[in-house]
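Quick heads-up: structures coming right below.
What follows is a pair of complexes built around chain A, which joins chain B in one and chain C in the other.
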Partner chain A sequence: MSNSVLIPYNKVPQYQLATVLLVGSEGLGKHGFGKCLIKNTWFYLQVRTATTLPLPVTSDSSRPRIDYICFLIDLTSRDSLKTVEESLKHVDVRYFLGKCCFVALKVKNPEKRAIFIEQIAQLSQQYKSDVLYGSFETEAESAFLAEQILKSVEIAAGLQKNKSPMFLECCRFPVAGEESAE
Partner chain B sequence: MYQTLIHKYSSEYDETWRQEKPAHQQIDRFTPYGRTPQSRRISTAVPTTRGRRKNVHTRTKSRSDSSSEAEDLKGFTNVTWRVYKLSPLYKFSSAPKDLKRYGQLLSSCVEAANQKGLFVENNVSGKALFCVQEGLKKTADDPDAIQILVKGKKGLGTVDTVILTATLCGVEMEGDLLVPDVKGHFTYYPVLLVKSTVAMTDVLITWLMRHFDCKISPLVFPPVYMAWMIAMWSGALANTNRKNKPVELVYQVPSECEGIKKITYTIEAADCLRVWNSIHDSKSDMFTEEEMSTFISSLEEHFYSLFRVKLNAMQLSCVGTSLCYIGRDGILKIYSAEHVSCILRHLTELSMEHFSLTRGRKSTVTDRVVGTKGREVCVLYNSKLEWTYPVSYLRYIVMEI
Partner chain C sequence: MPSLDESNIFQDTLEYFVNGGKIKKRGNVELSLALKTLEDVSKSKGLTTEDIISLIKVAASGYHGDVISCKLIKCLVPASQFPVRAVELGLSFMCTSKPSNKVQATLLRLLIAVYDYIDEKETVQKLGYLLFYFIENTVLTPYVCHLLYLLTRKEDVRLYRVRKLLELQTKLGPQPYLIGLLSIYKLYFPNLVSIVIPNTRKQFFPTRDRQWYAVIKEVQERNQAADTAHMKSSLELSEKLQAAELSMLHGIPPAKRRKVDPIPVVHSSSSKLTVKLSSRLMAMLEEKPLPFVQIQNIETLLKNPDRVELPSQMGAALRSPLLQCFMSYNADPLMTSRFSYWIQDTLCEKLLYSTQTPACFPEIESILKKLIQFTEFIQEGIPVVDKVLFRYLQIWNGLDFRQEIFRLVSRCRLYPFSVLNENILEPLRKLFVRTSVFIKCQVMLCLSQLLQNYAMVEIPRYNQKYPEAKPGISVFEDDIGMFDPLTSVIELIGYVDRLASVGLALENDHNILLHFTLSFYELVSTLHARYGLPFVYLPSRHMIRALLCDNATGPARLCGVINSYKSNCQMLKDDATNNEIEIPGYQKKETIHSLNILILDLCDSLWRRKAFSHGRNNSYLNFDLEHLATEASDGLSLYLHQAFLPFALLFLKETQPKENIGHPKGIKNVRDMFMEFLQRENIGEIKDFILNTITRYRNSTSDTKNKV
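The block that comes next holds the complex of A and B.
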């Protein structure tokens, strides 16, 4: 497939292994966070990082199936929001059913903020995915974010029995049938 | 006397807070004015659907004679002001005899500070004057703008010079932020402008805080707001005949790049106006967020195409247009007398936004405490807003989550 869109279900899943892709501009601390994810995980995990999507087509065959995508946005730089928005165009729509999330970083410096926090909230509403707020400054904060992400990753990779990301998405919004019955 | 003042109003506040507390799931947050938090986050006070709409300077709400007003406000131009935001002042009146009394109290305070040797140059005498400033009260809601002057002799000079100039004002304040029951006791001035040395400014601010039981802090402008201001005001030409000052953006380069600390990006005013006109429809009064981001990104992309330097990854530290120059830490210099009121109006809006964040928000069960930073606690609300509070507020938060 010469298509540059990242598709969730076009490869065979790996046995008992989950793969996370961290997408974000340079200098955010993706590698450090990847190590933190691996340290805090209770299942087998592989972390991959990228600055932008689409991922290069040449190494496509050696790449495993990506189970979960984290888009990292730095609130003090307009550039990171721009790269994330451009990368979003190269992601298949099935990833937005519980297999991706947005992470807003450097939330603790309001005086350095370069984008409105409403823009992030708008992004998450538009793509119907979670936003996590935090920073990578200390070990504890990274571990806090890692824990939340790992819970979603486990379900997205199918490692939890009888749970699929679609079930969680159904719980998020009210089902139309209920409303009409009232 | 000041001790009893604090005690009286704070007990008043505790009672009103307790009365207002309804069912535990959805709670109207009411923060007592005196113990204002050390830091506030920006969020829209009213929920907006698409983009935030802001008023462009071209139309002011009230009719005023612009030429005479420009004369009155000339004192504001070409002076470097420091901008502060205030919480409401308790028992402040603008009656002439009260103003005179405040002047005497401030003078004695300045004298005391003088004797303690706080000032580098010895001022022989410091006399403070409070008077009502004309030309800034635009609507009936605005409180009377007050001007504070401190005159004294600097060093060995014999002539009286003005050591400090300050203005307390609020221009075109929309809406009433004060709770009706306590409105009689408090006056709300959103903005304080001060021009003076650091030591004198400290004296004035501590005196105001002690005397009127308020909290004064510098109004910092994060890069988002500076981008707003430059986008709104680059389209305004101060004087079509004179040569206008170019539009200037100063960026701070992150420390990883060696050898370069800041980048100053200067654009001719006329070119900037052309870009602005192509983005914004000059007939409309409102300037939307999309127009602002288009403007800023077009300037930054142009720079990138020429120099391959990504300005959007850097922090904006100062912004200058032909109307005014704004620095990040609350420094302001206005060049054009006609636009003083619209600039002050914008500052009033920003300051009021800061203030109204702590009032009337509803917190729900999905809120959670994210982490702690020193003496502050970060709290998330509905995954959309984000707050820090000093530890003294912790008891309120714990009860509500």
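The block that comes next holds the complex of A and C.
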């Protein structure tokens, strides 16, 4: 069991390097987006992709420490949400302190939408992680999404002096639903 | 020639349907080919007026049976205008027993879909109430209600109709379409409709035929682009009113763009009342209404405010400055709710319910821009727009229409903080912590403007609203309950303050962001003096960052802000009336106490040369003295501060001999001259601050002035 859970702090970080893991079902354009991330980055970045968690068991040394996880959800496919929900079970709780985010794609095609926005909002509230909406359709949108993710990755990987993901959380004010849930 | 062939085939198809006699349905290749041709033509070019008239005769009579009739009706896409003759024919066939319910329903849906393109709405409005007889037909009721909602005029509202509707409502339960129609009746004659229309503004008539609408619109747009000559016939109305200034006043765009633009043109039927009215209704109406299109200038409008007949579509207000004037002057609930309905529908459709492609961005942008112009003009936000905005912000990608969205957010109405936080601040925070410094600045600016809007417009409005319950303070009424607006505003300030401190830390005190933050504090500091709010809110301690910045404007503006805080606190203290007001979560004494500490700190570091050796333990600059060299206390003084060193050097160059300009420390004894120098360099805030706070210095300067 413990092997299958992804843990943020069990490995030594590599010098000046951040690693992002993109999790999402096939056909979302993870690789294209990974390239977009690398193109727009201003620090050393490694992008890994996986269709689902847990990651296959390999010899430990070959896999770097994962600093940040992006869960990609395609709003027009119910399966993609299911994949993400399954994968979330194999993630250490410390990732949810600002070291992961959800990315909801194809938000601009409401006719084809198969998942309610409320479901996504609930997911985000349950895991206390932000949802970024967008799409990979145009260059500008991908780049903007990449920029937002890179900013969080930089902090999550500890590349910024005196800043931690928890620091960003301090300006969040609890939304009504969260308070009652506690 | 292929085009000739095509038109021949099309004519044959028409013949086939119109004069062809009975058609066999099952396995009829000819029929399916004919339908295909018709569909293709209508989807690509649309049908001419004559074709529509001849086809509607066949279709509406149900001659070929339900299936074919419905398919035919769906093909009646007008190339430019939908002929009023076809409407007449359709309505008259509806009143016969020939077509089945299904065909009737499809006909009504057609009329709703093409309502905007009918050439003489006047006739439709006159005939439309025939449809009221179908209101009890359960299949047709929703469509009948929708169509009637579109064409109801004041004189159409009758007591027996209201009774009928209420009867239906008790039978069917509160259906949205019935409430929709009743709501418009209630707006015209509140005395006739006694039921309460629920305030939750749902969509009365959800659109089911989105694809159909899209096809019609597409055909119109394509024809627009293809030939403008075709348009001429349809523009008779505006040709009558060709006077250039008039079209300016109504904001009518050039003919080419008109149909493409979703914002309707000012249009009303120049109706003379032909209906015989009961004496009671006559008394209500008093005079013959004056159609809005006939109003040429503002004087006419001002002379006949009671007689104006509103244009058929209130959305035209976004286009016509004259109508905007009228709306803000009259604040008639009928007008505003019609406008609200239209704007909500349009925005929902454009932003939330339909696929956005880059091609439709300019259109949405222009609507948003016009809407912003309008809200600027009436000086208030529109509640339904806020509601749409709340929903849109949740799924916003942070990129599209950013400027317009921020402008609309800054015009938002007053809400309890929890609502504000969930719907506006949380999406903005998500954007703020993840983006570059420039977008952070935009967010700061947007929130500052929101605060200003609250202080300047919304709080006075709220205060007026409750104690005296005066109607008509705002054009658009909202339905927010009672809450303490001041707490909401204080919490907002606290939130932005926290956001700013996080932002500054993330961006390593970026100068631009620092200045946006200082502008925000400037605004907060003047809330009492300028807008009469009974509190002074002191930002958190990170404010002292501005003092440590390496750009002279940072410390200077900080001094200015503190100055303003000081005078505001003084004013608040002197103003006895405010002392009784208690605001939960706000402690006045503590605020004054920490302001004093801040002032002492600034004086100690800039003037008294003991930034770290002051011996107070609640200071903003609290360092362990063991880790500091004794000289360090001098480091933040006016002439040695990193930000002022260049000025010190300039000062020395100006005053000292060239060979030996000396060390800036030498300025210690001529600090007042140095301050004059700074003032000459446009950094006057420092001098004001020192003058204001250090009594000894003030006295000495006034003494010297007296002596001179």
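Going forward, the second predicted complex is superposed on the first by the 168 of 182 C-alpha atoms of A that agree within 3 Å, B and C clash if a C-alpha of one lies under 4 Å from a C-alpha of the other, contacts with A are read in each partner's own complex, and residues count from 1 in each chain.
Note that contacts are C-beta pairs under 8 Å (C-beta built on N, C-alpha and C of every residue); 3 or more make two chains touch, one makes a residue touch a chain.
What you see is a predicted model, and the numbers here were worked out from it, not measured in a lab.
Quick check on the superposition: with chain A as the shared anchor, is it clash or fit for chain B versus chain C?
They clash.
Just checking: does A:27 make contact with chain B only, chain C only, both, or neither of them? Give me first, second, both or neither.
Only chain B; A:27 stays clear of chain C.
Now for A:78: first (chain B), second (chain C), both, or neither, which partner does it touch?
Once the two structures are laid over each other on A, A:78 reaches chain B alone.
Can A:156 be said to touch chain B (first), chain C (second), both, or neither?
neither
Looking at A:113 after the superposition, I want to know if it touches chain B, chain C, both of them or none. Which is it: first, second, both, neither?
Only chain B is touched by A:113; chain C is not.
Of the partners chain B and chain C, which touch A:121 in the superposed model: first, second, both, neither?
Once the two structures are laid over each other on A, A:121 reaches both partners.
Touching A:47 in the superposition: chain B (first), chain C (second), both, neither?
Neither: A:47 stays clear of chain B and chain C.
Where does A:146 make contact in the superposed view: on chain B (first), on chain C (second), on both, or on neither?
Neither: A:146 stays clear of chain B and chain C.
I'd like to know which partner A:100 touches here: chain B for first, chain C for second, both or neither.
It touches nothing on chain B or chain C.
Looking at chain A, which partner touches more of its residues: chain C or chain B?
C
Once the structures are superposed on A, label A:134 by its partner contacts, choosing first (chain B), second (chain C), both or neither.
Both partners, chain B and chain C.
Chain B clashes with which stretch of chain C: 3-11, 165-173 or 687-695?
165-173
Just which bits of chain A does chain B share with chain C as contact spots?
The overlap between the chain B and chain C interfaces on chain A comprises residues 107-108, 110-112, 117, 121, 130, 132-134, 140-141, 144.
Within the complex, which stretch of chain A touches chain C?
104, 107-112, 117, 121, 130, 132-135, 138, 140-141, 144-145, 147-149, 151-152, 155, 160, 162-163, 167-168, 170-173, 175-177
Over in the complex, which chain C residues touch chain A? Could you list them?
Chain C reaches chain A through residues 210, 352-358, 394-399, 418, 421-422, 425-426, 429-436, 495, 498-499, 501-502, 505-506.
Chain A touches which residues of chain B in the complex?
Those residues of chain B that touch chain A are 39-44, 48, 52, 220, 222-224, 227, 254, 256, 289, 296-297, 300, 310, 312-316, 328, 370-371, 373, 378, 380, 383-386, 388.
Under the stated contact criterion, what part of chain A meets chain B in this complex?
Counting only chain A, the residues touching chain B are 25, 27, 76-80, 82, 107-108, 110-118, 121, 124, 130-134, 140-141, 144.
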